[in-house]
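Below, subunit A partners subunit B and then partners subunit C, in two separate complexes.
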Partner chain A sequence: MTYDLIIIGAGPAGVSAAVYATRQKLSILMLSKDIGGQVAKKAVDIENYPGFEKISGPDLVDLYKKQLKANDLSVTLGEVVGIEKNDNIFSVKTVDDKEYKAISVIVTSGAESKLIHVPGEEEFAGKGVSYCSLCDGPVFKNKDVAVVGGGNNGFETAVFLSNYVKSVKVLEYGEKANADAENQELVAKNPNIEVITNAQVTKIEGKVFVSAIYYEDRANKKEKKIDVSGVFVEIGYSPSTNFLGNLVDLNEKNEVIFNSETLETKTPGLFSAGDCNVSRYKQIVMASGQGALAALSAYNYIRKVS
Partner chain B sequence: MVIIYSTPTCVYCHSLMEYLKSKNIEYKDIDVSKDEKELEKMVAISGQMGVPVIDIDGNVVIGFDKKRVDELLNLK
Partner chain C sequence: MTYDLIIIGAGPAGVSAAVYATRQKLSILMLSKDIGGQVAKKAVDIENYPGFEKISGPDLVDLYKKQLKANDLSVTLGEVVGIEKNDNIFSVKTVDDKEYKAISVIVTSGAESKLIHVPGEEEFAGKGVSYCSLCDGPVFKNKDVAVVGGGNNGFETAVFLSNYVKSVKVLEYGEKANADAENQELVAKNPNIEVITNAQVTKIEGKVFVSAIYYEDRANKKEKKIDVSGVFVEIGYSPSTNFLGNLVDLNEKNEVIFNSETLETKTPGLFSAGDCNVSRYKQIVMASGQGALAALSAYNYIRKVS
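Presenting the complex of A and B:
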């Protein structure tokens, strides 16, 4: 069958796009490797989304699921590996060799954790190196751990981890940690968290599992070692756009370039919304707004071509 | 026998459980944040510390790898 619309991804942008598209009576397939995207990994409560004084990531994901169900929408689990457009029909291929067709596609594939690219990182991934503190944090009960990155994600991760672990060292490359004032305050008053600035991580070491992280103190070029069982990498995200091939133009950060009025990419009928797009700020509310805009634009496109 | 090793805060673990429920597959959920022995067992059988870990009749799958889970449970 050929759907009106395939939505790739089921984070804030994807869910918002699906809800808007279903109100236009489009036949929709949502394809995603998970539900909630980065919201599902959020280590602390969300306090800047309209209508909610405070809500946790997993609770917001539950509400997404409920809203999708109420609209008779379900997410087909699958990782998209490629898209083609032939004779005005898009074919979307998944990692399990399935192929789905649609008149229009909205990409809301979001972003993946950035790697630090130091020796030991790959070797110990899952063996002490983690990119999901919310998932794996409780496994490190009473252990010493490090968080790489002193932005909001790093500080929020440190605060979350401090509920379980013995101590957290936050390693920040810059002279100053960039986390916002509220997070700085939370960390400052937490006796189990120490922030080390000017720290360039050089390697992660261990036998079977992580036992230490090394960094160079950029102020005096001396290498230092911290004994830890866990390393949580929180240095930001890079957009998941590799599977889009030459159907879109990307900027130097691999973010999708789009028409600001419609969110259409350079390929007619292919729209893009959320954290995979060019934007200075990545926020849940912004991704949600783009999802809605992409859905309305896709509806107009579908009406015109069919 | 399907065993899931999980933590309460892991959304992927919940997605996995919901998926198995939707396919009428019975499973036993073990919260490794509460049971150190089970955590050690999970680390021993999977050789790593990330959740979820799924044990399907002795075949160990790390993470919610849907393709592998589908294969092992003959799901389509």
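Presenting the complex of A and C:
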């Protein structure tokens, strides 16, 4: 069958797009690796999504699931590896060799944690090296840990971990940490968190599990060692856009470039919403707004071509 | 005192902007005629705001109020009548002759119901002519009413009213009603609602209260009369942008034109979010996303100039 619309991804943008599209009576396939995207992994409560004074990431994902169900929507689990457009029909291919067809596609594939690319990172992944403090944090009760990255994600991770661990060292490459004022304040008043700036991580060491992280102090070029049981990598995200091939233009960060009024990419009928695109800020409420806009734009496109 | 930021309006865009701005530790004045804007007047439950399967407008506004309170934010009630920028400081004047100063301003003043401008409309406003079915609908229990306008607002109003009234006639000027598929279906299966297209409303008649509405059938130019006790005007909204003077450029609908990446208007430091601007769709989740974006853009502006 040919769907009206395939939505790739089921994070805030994908869920919002699906809710809007189904209210336009479109036939929809939601195709995603997971439900909730980064929201499902958020280490601290969400306090900036309008309508909720405070809600945990997993709780918000549960509400997404309920809302999808109430709209008779379900998510087909699958990792998209390629997409083509022929004779005005899109074919979306998944890693398990399935192929799905639709008149229009909205890409809300989000972003993946960036790696630091140092010796030991790959070897100890899942053995002390983590990209999800919410998933793994409680395991490090009363241990010393390091967080790599001094942006909002790094600071939020440090604050979250401080509830469990003995100490957190935040290693920031730059001269100063870029986390916002609120997070800076939370970290500053937390005696268990220390922020080390000018720190370039050089390796992660251990036997079976992580035992230490090394960094070069960029001010004096000296290498230093910190004994830690865990390393949480929070240096940002890379957009998941490799599968899009030449159907879209990407910027230098591999983010999808779009028409900001409609969210359409350079390929007619192919739209993008959320963290995989060039929007300056990656926020749940903004991704949600974009999902809705992409759905209404897709609806107009489908009505025009079919 | 000079605030970092004045936010004009306290609907979805204004609330979202305030929550984001306060997390950046900005000093904020929220200035608005009301809290919740159009959301407070919504006649049917909201089913397309991500995170809520279904929520009434007033309930969502209550959640906004709670969230503002949790962030130590309050709304100063006041109607803005003018705004100026001198020496990089904005002065915002209200109808009661007060003046407030700030480094940056976000305009989220939303939109007001459009009038049909026919004889009787002004005379019977509040006496059968209504622009808020949620506020006034229950008064018309077991009566016959008309809804002017066949867009989503008109159809939703008709469906809402059908719970109370004996019959609803929807009068649509165009050849077909523009409401979306979901609303068309709801109306089609409701025996108490009739949609009349090609209908140009000509006057509203009554003694103390409304007793009839007249329209010209545009197909045959004949005037027809319908006996009704209530007329609900739902022909759309006009942006509340008159007070902005020459600080902004407006499009032909009087909507604020902005840079779509930052939401900044032509005046540096003056931003716009929500229904008062040129965005194609007016949706709660989109206004919320824009509020957040405007706040972060304003923060960058304030950091740069102060």
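Note that in this section the second predicted complex is superposed on the first by the 306 of 306 C-alpha atoms of A that agree within 3 Å, B and C clash if a C-alpha of one lies under 4 Å from a C-alpha of the other, contacts with A are read in each partner's own complex, and residues count from 1 in each chain.
Simple rule for what comes next: a residue touches a chain if its C-beta (ideal position, glycine included) is under 8 Å from a C-beta of that chain, and two chains touch if they have at least 3 such contacts.
Note that the coordinates shown come from a computational prediction; the quantities given were computed from them, not determined experimentally.
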Subunit B versus subunit C as contact partner of A:Lys101, first or second or both or neither: neither
First (subunit B), second (subunit C), both or neither touched by A:Gly78: first
Touching partner for A:Lys41 - first (subunit B), second (subunit C), both, neither: first
Partner chain(s) touched by A:Pro12 [first = subunit B, second = subunit C, both, neither]: second
First, second, both or neither for A:Phe209, with subunit B first and subunit C second: first
Subunit B versus subunit C, judged by how many residues of subunit A each one touches: C
Touched partner set for A:Lys25, first subunit B, second subunit C, both or neither: second
Subunit B versus subunit C as contact partner of A:Cys135, first or second or both or neither: first
Touching partner for A:Lys143 - first (subunit B), second (subunit C), both, neither: neither
Subunit C to subunit A touching residues, read off their complex: 12, 15-16, 19-20, 23-25, 47-55, 60, 63-64, 66-67, 70, 180-182, 185, 260-262, 280-281, 283, 285-293, 296
Contacting residues of subunit A [partner subunit B, same complex]: 33-36, 40-41, 57-58, 61, 77-78, 95-96, 126-128, 130, 132, 134-141, 164, 208-209, 230
Subunit A contact footprint on subunit B (complex, rising order): 7-15, 19, 32-33, 36, 39, 43, 47-52, 62, 64, 66-67, 70
